[in-house]
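Some structures to go through are shown next.
Across the two complexes that follow, chain A remains constant while its partner is chain B and subsequently chain C.
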Partner chain A sequence: MPKSLSISAVAVILLASIPLGYLVIRATGSGIAVAAEVIGREKTVTTLMTTISLALLVAFFALVIGLSSAWLIQRTNLPFSSLFLVLGTLALAVPSYVSTYAWIALIPNFTGFAAAVLILTLTTAPYVLLAAIAALRRIDATQEESARALGLGPTQVAKRVIWPQSRPTLLAAVLLVLLYVLSDFGAVSLLRVDTFTRVVHTMYKATYDRSAAAVVAMVLVLLAAVLIYAEQRARGRAVAAKSGLGTIRTATKIDIGNKKYVAVAYLFVLSAASIGLPIYVLVTRFIAVSNDLDISKLVSAAAATVTAALAGALLAMLFAIPLGLLAARYKSKVSTIAESAILVTHALPGVVIGLALVALGSKLGFLYQTLPLLAFAYAVLFLAKAVGSVRTSFARVPRVFDDISHSLGNSNWQTIRKVTIPIAAPGVITGFLLVFLTAMKELPATLMLRPTGFDTLATEIWAATAISQYGKAAPYALLLVLIAALPTYLLSRPDRAQVDQSRENVGL
Partner chain B sequence: MTTLRIDGLTVTFANRPVLNELNLVVPAGAFAAVLGPSGCGKTTLLRAIAGFITPFSGTIRFGDQLVSVSSIVVPPERRKVGYVAQEGALFPHLTVAENIAFGITDNKIKSDLVTELLQLVGLSKFANRMPNELSGGQQTRVALARALAPAPKVMLLDEPFSALDAALRDELRAEVSELLKSRKTTTLMVTHDREEALVVADVVALMRDGQILQTGTPAEVYHNPISAEIAISTGDVLLLDCAKDEAGKISSVFTPTQLSPSALPGKLVIRPEEIKITAAATGLSAKVIDLDYYGHDAVVHLDAAGARVDVRIAGPVELKVGDLVGLEHVGPIRWFPN
Partner chain C sequence: MVIQNYERINLRKYLGLAAGAALLFSLVACSSDNQDEAAAELTIYSGRSEEFIGTFFADFETQTGIKLNVRYGDSAELAAQLLEEGANSKADLFIAQDAGSLGAVADAGMLATLDSTVLDLVDPQYQSDDGSWVGVTGRARVFAYDPTKVTELPSSIDDLLDSKWSGKIGIAPTNASFQAFITALRQLRGEAAAEQWLTALVANQPLTYEKNSMIVEAIDAGQIEIGLTNHYYIYEVAQSLGRAINVKDGFFAPGDVGNLVNVSGAGILNTAKNSAGAAELIKFLLSNESQNKFVTDTNEYSVLPDLPAPKDLPSLKQIGSPRVDLTALRDVAATQRLLVRVGLL
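Moving on to the complex of A and B:
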C-alpha cells in the first residue's frame, strides 16, 4: 500500500514542479550572461530593497499587533474579548486588494510605501493573532503554575515556559506574513509600490519580455526559499505542550484594572481599520450604485469565482491526499522528499505561477487560457496548505486504531476506508474549505490565466479599481467579502474544540 | 477452545533483540497474565501474537494453526484475535453499538449479537452514545465487547485496567476475568501490576529482558519462585543474607548455626506473612519501629539486631512503636545462592 501511495506522491511532485521547472528553463534559456544582466539592473536591485524592507516592516508591526491583541484577548479580563477575536479573524476575509480599494476610495492619493505597510500589516496581523492564541491555549496552565511555584516571575514564565513551546507556531506565523507580503500583488499594484510581484507583472504586460520577467521572478522565488529555509532552521524541534493524561486546563485571566479601557480602545481602532472601514466603504458605495446594478453580471462573476475555486480546491486535495497520507503515516525517503517539495511550492507566488503557466500554455495551445490550467495553477499555489491539513488530520488518527481494525478482520484498505478516513475527514474537509476560500480571493494568477471573458469577482474588482471606478467595484467586493466571511467565521468560533486544528490547517 | 503456543520467539528492533527465544504455552480456555516491568518486551510479545509485527524467528501457534513461522506470517485480520488496548482505543467517530459491530461480518446476526454483547457488559442503555460520553470503565467494557464480537480464538489484553482508578479497577477486572473464563476464551493479559496478575489469572508468566523466566499458577509463582528476583516481582519479601553448606544447613538471624567453611553465600526469601510475632522472651528479639495500618491487616516494621524486618499481621493490632517482641519464622525455607 505504501508503494502505490509513493507512486502517486511522486507523480504529484512531478506535476507540481512543472511551473518552477519551466520558469528555470525560461530564465536561463537565453544564457547565464543575459540572466546576470537582468539581475544586475538598477531596477532589479531597488525592487529587491523595496520588497525586503516592506516585508520586514510588515512582519514587525504584524507581530507587535498580533501578539499584543492575542495576550489581551486570551489572558486578561478584557471586555468583549470573544467579539474582538471574531473581528480579528473576520479581517482574514478581506483580501488585501479589497481593503486597498476601500482606503483609496475614501482617501484620494492614498498610495506609496507607507500606505502599503499599513494595509499589509492590517491584512496579516490576524495570522499572528490566531497563531498566538492557539499557542497560548495549547499550554497547560498547570505548567505555568508549577513554574510560578518554583519561584519564576511572570516574565521568567513567559521566557522559559511559554516561549519555548510557542516558538515554532509563532515562527511559522511570521514566515506566513513574510511570504504573504512577497507574494501580494493586488495591494502593492494599486498603491504603486514596485515590489517583485508588480515588476514581474508589468514586465509581462508591457514588453512580453518573458525571459527577463522569468529571471526577476526567479529572484523572488529564491528570496522566498531563503526565508523558508531560515524558518526551518530556526524552528528547531517542536516541543510537546502536554504531558500526562487529562485535559488541558486554561489559565486564569489577569485583571488589568482600568487599563482595560485603553485596551478596548486599542482593539477597537484596529478592528475599525482592518474590517470596519472596508465594510463601511463597500456598503456606502454599494448603496450609491444599487439602482443601476447589473445583477446578471454579478451572478455570473460569482458563479465563475465558485467554479474556478471549486475545481482548484478539488484538484489540490486530490494532489494533497497521497502526499499528506504518506507524510503522516509512512515515514520514508519519498515522504521526506515530498515534504521538501511542498515547502518549495510555498515559495511560488501567484504571479510567478501565472507567468510560468502562461508561457507554458502558449506553447501548448490547447491549454492556453482554459479553466483546467487555472485550476491547476490554484492546485499548485495552494498545495502546501492542502497537504498541511491532510497531514495533520491523518497524523491525528492513532496507530492503535489500525491495529484494532486489523485484529477485527479488516485489511489495510478496509481500515483506511472505515477508520482512518472517517476520523480524518473533518480536518480534510476543513482544509478543502480553506483552499476553496483562498482560491476565491486569488488575483494575479487568475488575471493571467483565466479564459477570455471569464470574469471572476476578483478580476472585476481589480478591473474597476484600476481605472478608479470605485462604485462599480463595490458590489463585487461586497459579495466576495460576504462569501469569504462565512467559512472564516466558522473557523473563529471559540467554543469549538476543532478551532485549534483548523487554525493549524491555515498553515500555522 | 484454542491453546496458544509460542516457541523460540525472537523479535528484534534495530538488530537488538526485544524478545529473545521466548517460550510460552497458554492452555486452551485459560486466562494467563504476563507480568513484567516496563521495557521487558511484554507489549512486543502481545503485538507479535496479534500479528502487528513480524518476528525475526520462532513460531506462534493457535491450536493446530501456525500463525507465525519465519516464512509464513498470517496477517492480523486473519488470525481471529481479540485485542483490547490501553484506555480502550474506541473509534471516536462511531457509537458504542457501531464500535461493537465493527468486526462482525455476518449482517444477519449483527444486531442480535450487538444487543447480546451490550447486555453482557451491562451497557444496553448506552448503545447510541459516543465514546467521549462514556467513563473510563465503560470505555474498557465496550472495547472488550468489541473484541469479543467476532468470537476470537485468542484474546489479548494490553494493561486494560491501568488507566482506571483503584476501586473501579478491582471491580472491572473481576468482571472481565469472570466473563472471559465463562466463555472459555484463551486470554493473554500483559501487566506490570503484580496484584492484578495474581488476582485474575489462572496462569502467571514472569517476564524479564525478552524471556519468560517462570510460568505457573498464582500460588506457585508466589510460594515457589525460582529466584529471589521473581519472588520480589510477585510480592513483598524480606531478603536475609545467609549462607548454606553442603549438608544443607542454613545460618540466618532466625537459625544461627555453625557452618562448614566452604558454605555458599546466598539469600533467604521470606514473605512478610511468614513471620509470627510472639512474646518478647521467645524467638528473635526485635523492636517495633513503625506501623502501617491498612484495616484488614497491618505491616509492622521491626528492627531485629540491626536488620530491618517487615511483618504482615492480620486483624486488630495491639502493638505500638517501641514495643519489644520476639520473631519466629513459620514459612518454608527458600534459599537462593548469590
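Moving on to the complex of A and C:
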C-alpha cells in the first residue's frame, strides 16, 4: 500500500473521529456512577425501543417503496418512467422539517409515531430508489435469460440472479436509511417522537449538563455500531463479477398491460405525498403572507448555502478518496474499523457534532466560526455518504487494470491517478452530489458553527419558524428545494460509464 | 485482445471547478473574519429572534456607530454553546429569552457583574440576585382561552384540575417558559405538592404541543379551549396568520403561581472585548424609548416601573406575579426530571 495513502487515510480517520472523542470525554466527565444511572433510567430504555422500532419500520417501508418504484421504472413499460425517476429522487431536495411542517399544516393533529414513520419513509425512500436503480441497471440480462432457459421461474431468477448482485448496494442503502433515522431531528421533534436524537437535544437544552446528554448520545453510538456491524456481516465479501466477454445487455421491459394505470397512480401518489404536498403548502403560505419579501436577503442566504455546501462537499471528497481507496483496494481490519467509525459519526445528531467542533474550534481561535470550520463540520457529518459511493466505485474498477498499468511501467500512485480515479469518477461525483445536497439542508451544526451573520437558507427557515412565521419561511424553503433539485436531478440520471464497469475479464 | 473503451472523465474540468470553489470560499472566509477591525464593535449572542430585536440593534448602530455582529439562535442552545466555548468565547453580550439560560451562564462564572447605573434602572425583582444579569422585558404566564366557549374563567391553577377541563387543556412541556413555571411551582409549594399537581393535571388529559404558538393556534382552531402559555403569543399568532384570532389572554388571581412573570434579559460576558459598548447597549434597551417600543411593537411588558402595559392587558402590578426568585428558575434539570417522572417529557 502506498505510504502516502496510509498517511492520508490515518489523518482523515483522526479528524473524523473528533466528535466521537468529544462524546467519550464528555460522557465520562461526570464519572461512571452518573453514566450508569443515566443509562439505567426507564426513559433511556423506552427511548431505545422507540428509536429501534422507528428505524426498522422506516427501513422496511423505504425498501418496499424504493424497490417497487425502481422495478416499475427500470424493468417495465411504465409510461413517463424517466419523469417518475426524477420525481422519486426529488424528495431528496425537501428537508424533513419542511415536509413535516407541510403535513402538520394540512392535518392539524398530525403527530406521533405513525406520522414519523410516514415522513421518514418518504424522506429516505429515494436513497433506496437510487441504489435499486443502479443495481438493476448493472445486472446482465443474459444471465437472467440463461436462468430462465434453465427452467427457473421469475421468483427463482430474482432470488438467485438479481438479489445476490444487488445485495451489497441495497444493504448499503438500507444502512444509510437506518443511520439517517437515528440522526434525524427535524421531523421527530415536530412530531414529538422521542428518539435518541430528540432526547439528547432536549437534555442539552434543558440541563446545561452536557455529561448526561453525552451519555445518552453514547448509547446512540452503540446502537449505530450494532447496525453497521450487522450490515457488514450481511454484505459479506461479495463482489459481483461476470465471466465471459461482451457488454451487459439491458433487460427487455416487461409489459404490464392495463396494470400500468395502477402503477402510474401508485407512483403519482408517492410523488404527491413527498414533494407535491410540501410545495403546495409552501406556495399557499407564501401567497397568503407575502407582503415584504427581502430579495437581497434571500439571494445572500442562497449564495451562502451553496458556498458552504460546496466547500463541505469538496472537503468530504478530499477525505473520502483515500479512505475509499483503502477500503476498496487494501481491505484490512483497520480499514473496516475506520469505515465503521465514519458511519457511526453519520448517526450522530448534528447538535453533538456542532458542540464537539465548538469545543475544539473555540480553542483554535482563528478558525472558530469561520467558513472552513463549517465546511469541515459538513465533511465530517456526511463523510459516510461520500465514502460509501467512492468505495463502491473504486471496487468496481477491475483489478486487472492495475496489473496492466503496472506492466506498462506506472507506479502505484500513478496508477491510482491515471487509471483508477478517472474510471471511478462517476461514483465519486455521485458522492460529491449527495454530500452537497445534504449539506445544504443541514441545520443544528450550521447554527452553532456558522460565521456570525452568515445565514444559510436552512437557518433562515429556522429563524422564521421559531417565531411561527411560516409564511415568512416559505420563500426560503421554496428556494432551498429549487436549488437542491439540481443535484438531485443529476443524481437520478443514468451513469453512462457504468454499463461497462462490471467486467472483470478483458479476455487476455 | 479486446479492451473496452472506458469513458475518461475530464479531470481538468473538475479540478478547475474545485480550484474556483476553493478560491471563492477562501474569499468569503476572509471577508467574514472581523477580528482585526476597529474596537467599535460588539459581538452579541441573541436568543431573541431578529424579527423582534433587529430594529433595536439597527437603531443602536445608527445612534452610536458601534457595529453589531449578532448571532441569532435559541436561548438554551446559545447558553450551551457559551458554556462549551468557555474562556475562549468571542461573545461580548448574551441576550436571552428567559432567566434560566442567563442563570446557567452566570452559574459557570462567565457573566461579569453589571454596573450599578444599569442595575438601578430595573426593579430588583426583574434581575439576578448577584448583579450578573438584568431583565429587559417582562413576559407574563397566562392562560389563553377561547372567549366563546369559556365563560367561567379559572382563578387558580388548581381550578384546571377539575374534570370539566378534561381533554381541553393545552400545554407545551418541552418549552422553557412552561418549565420555568413548573420550577416556580416547585419553589413555592415544595416538591411533593408540585408533583401532586402535575399528576392531577396529567390525569385530566391535557394535549401537549411543541411550541406555545401551536397552543394558541389550536385554541383558535377549536381543538382545545384553554392553554398555558405566555401573554404575547396571541399577538404573534394573529400576526403570522394575518387575521384576528378567537383567543384572549386571561390571568389567574393575583399572587397565583400561574401568573409568573419571567423576563428576557442580558448579561455581559467576562471575556468581552468591549464591555463598555455592551453596557451602553443594555442601557439603550432599558431606555424609555426602547421600552415603549417593546410594549407597542412586540407587546411585551416593560421592566421599568412606570411604563404602561401592552394594550388590553393589566399592568404588572395588577397581575400580581408570585414572589419567586427568578435566579432560582435556572434549576431546570430537577424540573425536567419531575416532568419525566409524571410522563410529560
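Please note the rule applied: the second predicted complex is superposed on the first by the 387 of 508 C-alpha atoms of A that agree within 3 Å, B and C clash if a C-alpha of one lies under 4 Å from a C-alpha of the other, contacts with A are read in each partner's own complex, and residues count from 1 in each chain.
Everything below uses one rule, namely that contacts are C-beta pairs under 8 Å (C-beta built on N, C-alpha and C of every residue); 3 or more make two chains touch, one makes a residue touch a chain.
Just so we're clear, the structure is a prediction, and the values are computed from it rather than from any experiment.
*Asks:* Give one of first, second, both or neither to describe whether A:V400 is in contact with chain B, with chain C, with both, or with none.
*Replies:* first
*Asks:* In the overlay, answer first, second, both or neither for which of chain B and chain C A:A288 touches.
*Replies:* second
*Asks:* Going by the contact rule set out at the top, does A:Y470 touch chain B (first), chain C (second), both, or neither?
*Replies:* second
*Asks:* More residues of chain A in touch with chain C or with chain B?
*Replies:* With both complexes superposed on chain A, more residues of chain A are touched by C.
*Asks:* Between chain B (first) and chain C (second), which, if any, makes contact with A:L314: first, second, both or neither?
*Replies:* Only chain C; A:L314 stays clear of chain B.
*Asks:* Give one of first, second, both or neither to describe whether A:S411 is in contact with chain B, with chain C, with both, or with none.
*Replies:* Touch partner of A:S411: chain B, not chain C.
*Asks:* Looking at the overlay, does A:L447 come into contact with chain B only (first), chain C only (second), both, or neither?
*Replies:* After superposition on chain A, A:L447 lies in contact with chain C alone.
*Asks:* After the superposition on A, what does A:I423 contact: first (chain B), second (chain C), both or neither?
*Replies:* It touches chain B and chain C both.
*Asks:* In the superposed arrangement, which partner chain does A:S362 touch: chain B (first), chain C (second), both, or neither?
*Replies:* second
*Asks:* Considering only the contact definition stated at the top, list the common interface residues of chain A for chain B and chain C.
*Replies:* 245, 422-423
*Asks:* Provide the residue numbers of chain A that touch chain C in the complex, in ascending order.
*Replies:* For this pair, the touching residues of chain A are 43, 108-109, 189-190, 192, 202-210, 245, 247, 288-289, 307-308, 310-311, 314, 351, 355, 358-359, 362-363, 365-366, 368-372, 375, 421-423, 425-426, 429, 447-448, 451-454, 463-464, 466-472, 496-497, 500, 503, 506-508.
*Asks:* Quick check: in the complex, which residue numbers of chain C touch chain A?
*Replies:* 1-4, 6-9, 11, 14, 18, 21-22, 24-25, 28-29, 32-35, 43, 49-52, 69-74, 76-77, 79-81, 83-86, 88-90, 104, 174, 176, 179, 208, 210-211, 213-214, 217-218, 221, 223, 236-237, 239-240, 242, 332-333, 336, 340, 345
*Asks:* Can you list the chain A residues touching chain B in their complex?
*Replies:* Residues in contact with chain B: 245, 398, 400-401, 403-411, 418-419, 422-423.
*Asks:* Under the definition above, what is the set of chain B residues touching chain A in their complex?
*Replies:* So the residues of chain B touching chain A come out as 47, 50-52, 75-83, 85, 89, 91-94, 102-103, 105, 146-147, 149-150, 152, 156, 163.
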